[in-house]
Every structure is written in C-alpha cells, then in structure tokens.
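Input: one structure, supplied below.
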Amino acid sequence: MSAQSTLKVGIVGLGRLGRRHAENLLRRVSGAVLVAACSPVEAELTWAKETLGINDLYEDYEALLAHEGLDAVFLVTPTSLHPHQIIQALKAGKHVFCEKPLSLDLNDCRRVSAEAALHPQLKVMIGFVRRFDASYQAAYQKIQSGSIGQPFMVYSQTCDQLDPDGFFVKFAPTSGGIFLDCSVHDIDLARWLLGNPKPVRVFASGTIAVHQDLQSCADVDNGVAICEFENGRIATFYASRTMPHGHETVTEVTGTAGRLTVGRNARQNRLEIADARGIRNECTPTFFERFEDAFLTEAAYFVDAIRNNTPLSLTLDDATEATRIGIAMRESLLSKLPVML
Amino acid sequence: MSAQSTLKVGIVGLGRLGRRHAENLLRRVSGAVLVAACSPVEAELTWAKETLGINDLYEDYEALLAHEGLDAVFLVTPTSLHPHQIIQALKAGKHVFCEKPLSLDLNDCRRVSAEAALHPQLKVMIGFVRRFDASYQAAYQKIQSGSIGQPFMVYSQTCDQLDPDGFFVKFAPTSGGIFLDCSVHDIDLARWLLGNPKPVRVFASGTIAVHQDLQSCADVDNGVAICEFENGRIATFYASRTMPHGHETVTEVTGTAGRLTVGRNARQNRLEIADARGIRNECTPTFFERFEDAFLTEAAYFVDAIRNNTPLSLTLDDATEATRIGIAMRESLLSKLPVML
Amino acid sequence: MSAQSTLKVGIVGLGRLGRRHAENLLRRVSGAVLVAACSPVEAELTWAKETLGINDLYEDYEALLAHEGLDAVFLVTPTSLHPHQIIQALKAGKHVFCEKPLSLDLNDCRRVSAEAALHPQLKVMIGFVRRFDASYQAAYQKIQSGSIGQPFMVYSQTCDQLDPDGFFVKFAPTSGGIFLDCSVHDIDLARWLLGNPKPVRVFASGTIAVHQDLQSCADVDNGVAICEFENGRIATFYASRTMPHGHETVTEVTGTAGRLTVGRNARQNRLEIADARGIRNECTPTFFERFEDAFLTEAAYFVDAIRNNTPLSLTLDDATEATRIGIAMRESLLSKLPVML
Amino acid sequence: MSAQSTLKVGIVGLGRLGRRHAENLLRRVSGAVLVAACSPVEAELTWAKETLGINDLYEDYEALLAHEGLDAVFLVTPTSLHPHQIIQALKAGKHVFCEKPLSLDLNDCRRVSAEAALHPQLKVMIGFVRRFDASYQAAYQKIQSGSIGQPFMVYSQTCDQLDPDGFFVKFAPTSGGIFLDCSVHDIDLARWLLGNPKPVRVFASGTIAVHQDLQSCADVDNGVAICEFENGRIATFYASRTMPHGHETVTEVTGTAGRLTVGRNARQNRLEIADARGIRNECTPTFFERFEDAFLTEAAYFVDAIRNNTPLSLTLDDATEATRIGIAMRESLLSKLPVML
C-alpha cells in the first residue's frame, strides 16, 4: 500500500490489553484508523461502540476478515487461537499484529511461518512489546554502537506483583506455564540484545512460594533458568508471580567493556518520599503502566512498516525461537534435566 | 458547550512548542480538533499544511478569531503579545489557552483578569505545564491526603543544560530575566504545593558564570531567591542556564511529617550504564523531553474543563501572582534589597 | 616533636562526642595515646576509668594542663568555654584540637588567633569534621583537578532528624542559633570548596515549623540563607531540626563544566527494601553515624600534622570566618535585612 | 579464658589481606593484641617489624605455635595449607581464625572438623567476611524479624573488576575455579539468609569472555549456577572476573512479603558527579574497599567469642557446606549435568 493511504485496522479481542490497543489505534497511531472490532463477548462490543464510537462490530472473526477495505488485524485473543487466526487473516490478505506468544506449540509456530512465507507482501508481527520501550531501544542502540564491547551475558527477569487472590491461577493451565507466559519476553530480549545467537541448551528450576494451586497444573510461581547459546553466550532468567512491590521487568547485558541495565527499581514516576521509614519510591503495579508508551510505539512501528513496506526487525522466526526455548525450559523444569536445543 | 460536541481549536504560533501543542491537538486530545493555524511566519503555515493537513491558515490573528465555528485558541506566541491576544480572543468569545508567563507586566496581567471577569462563560488558562506532570500530580495528591503533615518549606529549581553557543542570550532582553523566564514555573509550583499562601517578601541574588553577554541586559545565568510567605512558609529557588548534564527540574516540599522530592536526577529513561567511569544514567536534555506527557495532559485537562464547564484549578490569579513574585525577584536582584510584596 | 614519639593527649569533656573522640584516641589513632581525661562531671570520669582504663582523671582543667608530659588537648566542651580553654592550653604549651564552633563571639575568635600567633610551634585546629569525610575529600580532589571547571555555586544543608521531644531546645539559647550551630559546617564547606573566596553579603530567613518554644530565644527550627562571595560566587544554605527521615547533610557544588553532589539520600547502608509500599532505604539517624569514620580521620590528620610538623589546611582563620558569616546570618534573620561583611 | 584478659594473637601470612588483618589486630580490635607474625617471605617479616613494631617474627609455623603465651592464630595463607595448619594449631591448643575457603577438598574439610571436635574449648572460624558487613547484618536482622515473610529465593553475585593484565590467571589453577574462589561467599550467604536449608542439587554453566588462558585449567571468567535446596528454596549465582566498573557484590533475598537487596550499585562513597555524560557515581574497585569495615567487625566478633566463650554463629560445618556446594558447581560446569548433593 502507498505511504499516503491510511491503514484500516480491525481489532480482535477487547480484554484489558485489547482495549489498550484499540484506544491507541483509534486516535494515536499516525497513518492508521480503527474501523472495526470483533469479540464473542457482547459487553466488549458494546464498549467499542459506546466508548470508541466503532459501529462495525463482529461476533464472528471470519465476518470481520470480510469487512470491506480492511487492511490489517490486531489479534489480542487467547494464545490457543493465535495460529489459526493468523493463518485465516493471511489467507484473507490481511496484515497481522498478534499478541505474544505466537503459540505454545512449536508445530503451530511453524505452520504459521509456512503460511506467511506464501504471502511475502503481508506483514506479520508478534507483540514483543519490550523491544519498543524507550529504555530497551536505548540499550540496543548502545550495544550496536559498541559501547559495551562484545555482549556475552544476559540476566533478565519478569516479576509480577503478588495478587493475594491469585486471580492468574485460573489461567495457569492454558498459559503454558511461567516460562512461556512470562519469560518468553526475556528470552526474546536476550536473543535480540545478544545478536540472535543459536541456543544450545537450557536448564530450569522453580518453586511454589505462595500459590499452591499451581501444583495441579505442574506450574510454579517462581522460576529460574539458564540458557546457553553458541559462542559462549549465556542468559539467566527469573520469573515471579509474587513480587511484593510491583511489576519489575529488569534486563542486564554484560559485555567485555561495559554493562547495561534496564529497569532496576521499577519506579512509578519521579517522586521520592522521605518519612520515618526512610526514603522510598513507589513502583509500577503492572506491565500496563510500565510499558504504556511502548504499546503505542509498537503499533506505530508496525503500521509504518506496512505503509512504507519496510522489513520488520521482529520476525516470526524470532517468535518461534522464543517459544522453542520457553518449551525447553518447561521440559527441564519437569524432567529435572538439561534440555538440548 | 455540550460535553458531546467536539471543541474546535485554532493554534497561534508554530515554533517548537507551538508545533508540539498542534500535534497533540490534531489527534491525541480527546474531544478537541485542530481546525486552523495562525502564524506570521510562512514556513510555519506551510508546515501546518503539509505535516498536519490543516487547510485553514491565517497570517492575521483577527482573521483566525473570525474563523467560522472556532471555539478556542492556543496561544504559543511571544510573551509581549499574550495580554492583547488573550483580550482579543475573549472579546471574540473564544476560550483561551496561553503559554506561560501571562505577561511580564503586572498591569497587563490585571487587564487580562478584568476582561476575563466580563466573560465568566469563557475559560482562560496559562500553561504552567508542570502541574500536569504525573510526578507533580502524585506529590500534590500526597500533600492533600496529609502524607507529609503540614508543608512549610519548598526548594524548587529550573536548570537548563548549558548551550555553549548561548543561543538563548539573544532572547534574554525580552524574556523578563531568568526569574520571570524560568523561576516563574517554580513560583507557581511553590504556591500550589504550599496551599496558595500570600507572599510577603523576596530576596534574590545571581551571577553570570558563563554567558557574559547577559551583562548588557542586567540578567544572570544563575540565580537564587528566597520567598517568604505568610504563616512562616518559605520557598527557595534556583534557576540556571548552565547545567552540564541536562535539564533538571527539581522540587522538594518539606512538611512536618515527611518530605517529597520530584525530579532529582533527571534520568532520561530506565537505562543504567556501567563502565570504567562508574555507573551512570543519561539525562533529559531539555524540558521538552521531561514534560512531553504533561503537555498532553494539560491540553486534555483544558479541553475537558471547557466541554464539561468545570472550573479550572489553575487560574488567572495564579498566573498573575507568579508574575508578581517573579518581578519582585528581579527587582531584588537589581536593587540588592529585599522586596516587600 | 619527633615523628617517632607518640603524642600524649588529654581529653576534656566526655559527653557523647567527647567519648567518641576518647575512644578513637585510646586505640585507633596511630601515633597518639590518650593519657588523661578532664570533666566536671563525676560520672564521666568514672566512665573514663572503667571503660577506657584511664587513671589520670581531672575535675579541673588547669590541673590537666599541668599533667606531666602532656602534648595536646582535645576540647569537647561547651562552646562558651572554647576561647578561654584554647588560650590556656596555648599558654601551657599544648597543641589544641577543639570542637566546632570556635566561638559565637567574633572578638573571642580574634583573641584566640592572636594568642595562637604567639605560639607558631603549636597547632590549633577546630573540628570541622566534614572536611575529613571520604566523600567530601573525593569532591575536593575532583574540584582541585579541574573536573567541574570553575566552581561558582554551592548549596549545602544540615538537616537533623525530628526529635518530637525537642531535647535540643533546652540548649538552643546557648547554641548561637541554628546558623551558628548547624550551618557553620556548611559555611566552612562552601568556603573550602569554592576556594576560600571573601564573603560579601548574607541574607537569611527562617521559620518555626514544630518547636514553638524556640520563639523565646529568637531562634527557628528551619532556616535558609544566601551568602554572596566575591567574584560572583554564591552559596545557599538550609538548616533544619525537623527532618522526618534522619540526618541528611547534603552539599552540591556547581561549576562551569560539572556538578558534584555529596550526601543526597542519607542512606544508612547498602540495603534496599522492597515491600508493598515501594522500594526504600533507611537513613542515618544522626551525624554520629554519618560521620563516624570522619571523626577518626580528623583526629589522625591532626596528630600527624603535629608529629610531622606540617601546616594544617584547616586554620583558625577558617574557623573565625565561619563564625563571622554565621553571625551575619543570625543578624539578617533578626533584622530582616541583608548584612554586609 | 577470662573476659578480662587480652587475647594474644599471631598472624600467619602477610600478603595484602594478611597485612589488613595484622593492622586491625595491632590496634583496632578491643581485647586482642598482635604479638607475633609468621611468614616464609622475608620482606613480609621486615614489614611487620618496621611498620607494626612486631619483634617476635617466625619463618616457621611450628615455631610460631610454640610462642610463649600465644592464644590464637590468624591464618591468611594459601588455601592448600589451611587444613593442616588449622589442625596443627588445634593440636597446639590455639584458637584459629582462617581465611576462606576452608579447603578445596571435602575430605580435608572433614578432617578439620573431626580435629576441632576433639577440642571443644577452642574456637575455629573461617572468614566469610560478608556476614559481618553492616548491610548484610541489617538484612539478616530484617529476615529474622519477619520483615519479608518466608525467604525462598536468593540471587547472589561476586563480580570483580576486569584486570586487563589478567594477574589472577596465574593463581587460577590453585584457586579451585571461579565457583570455589568467588561464589563460595555467595553460597555461604545464601545458606545463612535462607536459614541453612539442605542443598539438593546444583547446575552450573560458564564462559570465557576475556581471559582465554583459563582454558588450560578448565576454568571460566564468568560463571552462573542454580542451587536447589530442600523445601523449594532456590539460589542463583553469578561470578565474574570481568566487570568494567569495579567490584560488585550483590545479594537479593526474596520472601513472601518483601525483598531485600544488598549492594546494588557498588558506589564507592556518597559522591555523585553530573557532567556531559550524565549523572554517575564511581565504584569500589575491589573487595578490600567494599568490606574494609567488615574485616574489622569479623575480627572483633571472633575475639569476643573467645574471651566470652560464646558459641560462633559461623561454624566449620558452614564452611564445609560451602565447599561441598562449590565443588558440585565445578563438577556441573565440567560434566554439563546437574549434580545431586
């Protein structure tokens, strides 16, 4: 499509994150316009109509794909639906943005890639939103410019604030486990920041510190893992559902001449409070507040890539690789053995 | 106007800050639409046409005010024009947002207030943007909720990064001097955070550390001041044009039970760099990066207040008072005596 | 004296700070030995005997000075006694270390200097302990090496933790007021770090935030001041008795090429605590914890200077100048006028 | 021995760390006196004589042990000598302080323990100095008081500054490898802070980022490891010889209600520097500067325990366990398999 024309986008799924994407697409992403919404949940469609003023509403995904003039879809749906929905969209000639992870199943990842290969004119991007965060972008640029010499070691964590009600537990059985749900972001970051080295082997461990109900689905609420890559690159991961103070995503990249750290101290803003307990800052409660701007940058990047027909730096292979490593971690957690990749 | 209708806005002045406001109004402020632009500079109008797609362009301010259906103007013009342009807009029945400061002349401030009093249905707000920054908002809420007991002391600084070329020096003669140009923000913050106490007396001092050319207009590039308010409230101010590391706006409010600090360490993002020189973060180069989000929040607040006809928390009296205190500081700097208010 | 011989020291005054000095001198200061103690308070002498094992105990200062072989005295006595006690010690041929401030009276300062001039072979040093703190030393070295270009602006604060019982209030009448008691340290630091410029003028203000009893002695519990020095150097001071979180001594020096800050965030140690309230560190409760190491370094410096007969970098003139500026601040606070120096 | 009597100590080994201990024992440890020194290196004995004034100097360890009235020895000797020297001292009736690690050989550890069991009246302590650091002590106290709920996860790193000359490489073959040389500290901290849980299994990995010569002794310059303990406790370790910015020891303990972090940002002092590169602090170059105070506290603790005959909280079993886990990590690094404990 020409850079002059505006991209017509349909949103699929209007849960909390879907609504965020919809609001961004409605007004804030230059070159795109939200023209339609799809959800099996009536209340979500009502919200789209009343809050966003979207009139073209669909309960059925295929009907959305048939919407006159639609250029692209944003899939913010359950992970199990991703592969089929992406393939349907591609067959219908639509560009696809899909929330992470691509899939919990490696064959599904490959089927999506195979289909995408048949449509080289269509863009497909999985939403590894952290790559679009300003601090991660700055880190990436510094690595590219040689500031830290040769990067060889990554530590990356995704730690969510403790929800005493354990709301997430009911989604645990379909989440793929903590590594595929949380660490998949860190895996993608590690690969990206280390220059996409081939993974060789993973080892994982974990524990249930709070949410005992996770036992029934063989999941943990705190997991650690080591991933060895070729050429002596190593990444260590930590994922937690039980942080006391907020959502804290941290990534540290060590090179031969310097070290970069993103996100230590998940400060919510620029306010410091001194009182009888010391000096403190409050923290971002969830990834929503932490990556608010990045969701917008991500959507703008995707839209620009379509309008200018430029290649995406974040590919389906990246998403597949993240799933592949995440699966290996889960296997290692269960088998108690290192898993070769 | 009804909350349902969209506010039609015209922008006046398309310098760096004017363009920021224009871009926000064009797409990002819910309930507003940018319909027209006015500038005596042809290149600025060309930019509005080509980049924003605005077709209704005016070289003449009165012509803009006559634009069919215009509801409000955003004045991002030289300070000397503010009073007359605000008064013209009010007479034409338009709401007015105007960049700070209201004026460098106290009589002009009062004339604007008098005119505004004749149009109670119209909103006028001066852009003390820091009030709309998330960190300052959080500080204000904590004070309101009693977290720090009774606030009695403020330290507030506006420090700009050193520009070795001294570009700002050519604007110094019309800027009103460092206190009216920079500290006026801090004065407004101090009044707001201390609960709008009456000022009693100011004392100021200053020095030229770098830009010797400022001598010709009796200005300084580093200034300090103390302002005493009623009931023993005190504020200390620092303004600088010569910071080595970036723009650093800091405000500290001390109360009987706690202290709040906004903005210490003007970190640009969440990245920390460790290398042979230690551990460091980079800093926000200018107020643009520091208050990027606040400019948007400010515009949204103003638009919402008009659409819902709710009173503004930031009044013309606030703006007048900031100018009054800033003028007294300049007098003290020159006379070397405390100035009563 | 020869560098080989050990300095025999007598301590005078065994309050909290005197005991600290005594313990340092007893064992930890190389080249010195504590041989005698003097106090009018019996319990203090008992402590010296039982805890330190000092057997030569004096109620009378002159008797101490007559102690066989005594080389030096450490005066940790009420300020009002300093001048006479220093002069007596000099007349008796003893080196003198005396706690700050030298005196609250400028004539007394000068009398001490005059006496000291008669004994060029004796060392007299007033205990401006902060100069000996590792962080302040590092700042001084960086300034000397040109790291921040030409320093021209200092902000320095001495803020004590709030004692709800207001124990200090009973000493307020003889303390000289908040500027001579607290800011005298900051004044000394500002002079030192700015290269000892001549002071020109001061202006001060203050308020009683908590301790209303201070009204009776015309003192305040929070004070601010500006001191102008020659060549456009400026220092701003803040002293407080009411900090919620601990003792926080901060000094900021701004130069044409960099800025140094010592002591922001009075962190007690290297521990950070994350909990439901955010991320925090605890703070040093008093100057004792903050300057624990510096008291030792200070004593060692003084002892070495005597043993090696090297000139002191911290002179009686420095101490006199700090008192002179502090007195001017108090005058300004009372007269509400700038005071010329 | 009675609490009144002073402990007579002999130091063995006067390398960099030995000299530190000797200087502390000479003057700064209450209740102890350094009476003799032993070293096979003549220059070290000369230093002890000239700098410390110690006259009883021994080239031979057995001769030192025969020194009249000697109560205790401080062993700061090569690790390979530790077991035999400890056993000799015990047989000679001396208390023993010995630098970490106890030994690189598990049988040797056990032989020492067996010998010590025969001398219950003698104290033996291995110098895991970090336990005596004020920040680690504060962390331990907070855990004991329940501040973070139930601790279950530790991350601990020992990262040394890069020495481009690779001086350490020549000691690598006898160091036991990076895990026994560096991580042994972190292992001890993890056990201590988690409440001494039984280790179950370790997995380790590593890479050579800079010092290729380490290949010849099957060592790495960057290593990571996971240790699983009983009851779902987990510790992750990182050791590095190649940090760009200084020595950075960090330990993070996560519990069900809070998280404690010691040592993030290895700031050297309280000075912050702002310049054109941002805002930074310098870092502690080596563990000497980082743990300077802790070496003194450690010695004082050991001396007090002997004089008061109180049990040591840091036992030979602790030291043995740290070696046992460290050996397992090295095995895992080499075998590429998890190692059961």
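Note that the chains take the letters A, B, C and D in the order they are written out, and that residue 1 is the start of every chain.
Heads up, the rule we're going with is that a contact is a pair of C-beta atoms (placed from the backbone, for glycine too) under 8 Å apart; a residue touches a chain by one contact, two chains touch by 3 or more.
What you see is a predicted model; the values in this text were computed from it and never measured.
K.L.:
Centre to centre, using CA atoms, which chain is the farthest one from chain A?
P.N.:
For chain A, the chain whose C-alpha mean is farthest off is C.
K.L.:
If you tally contacting C-beta pairs, which pair wins, C-D or A-D?
P.N.:
Higher contact count goes to A-D.
K.L.:
Roughly how many whole angstrom separate the Cα centroids of chain A and chain D?
P.N.:
Going by mean C-alpha positions, chain A sits 42 Å from chain D.
K.L.:
Chain B to chain D: how many Å between their CA centres?
P.N.:
Once rounded, the distance between the two centres reads 57 Å.
K.L.:
If you average the CA atoms of chain C and of chain D, how far apart do the two points sit, in angstrom?
P.N.:
Computed value for the inter-centroid distance: 38 Å.
K.L.:
Give me the residues of chain C that touch two or more other chains.
P.N.:
Within chain C, the residues that touch at least two other chains are 148, 243-245, 257-259, 264, 268, 273-276, 282.
K.L.:
In the complex formed with chain B, which residues of chain C make contact?
P.N.:
So the residues of chain C in touch with chain B come to 148, 150, 152-153, 155, 162, 201, 203, 205-210, 222, 224, 226, 228, 232-234, 236, 238, 240, 242-245, 254-259, 264, 336-338.
K.L.:
Can you check the complex and tell me which residues of chain A touch chain B?
P.N.:
For this pair, the touching residues of chain A are 27-28, 30, 133-135, 138-139, 142, 147-148, 257-264, 268-276, 282.
K.L.:
Please name which positions on chain C make contact with chain A in the complex.
P.N.:
Touching chain A: residues 243-246, 265-268, 273-283 of chain C.
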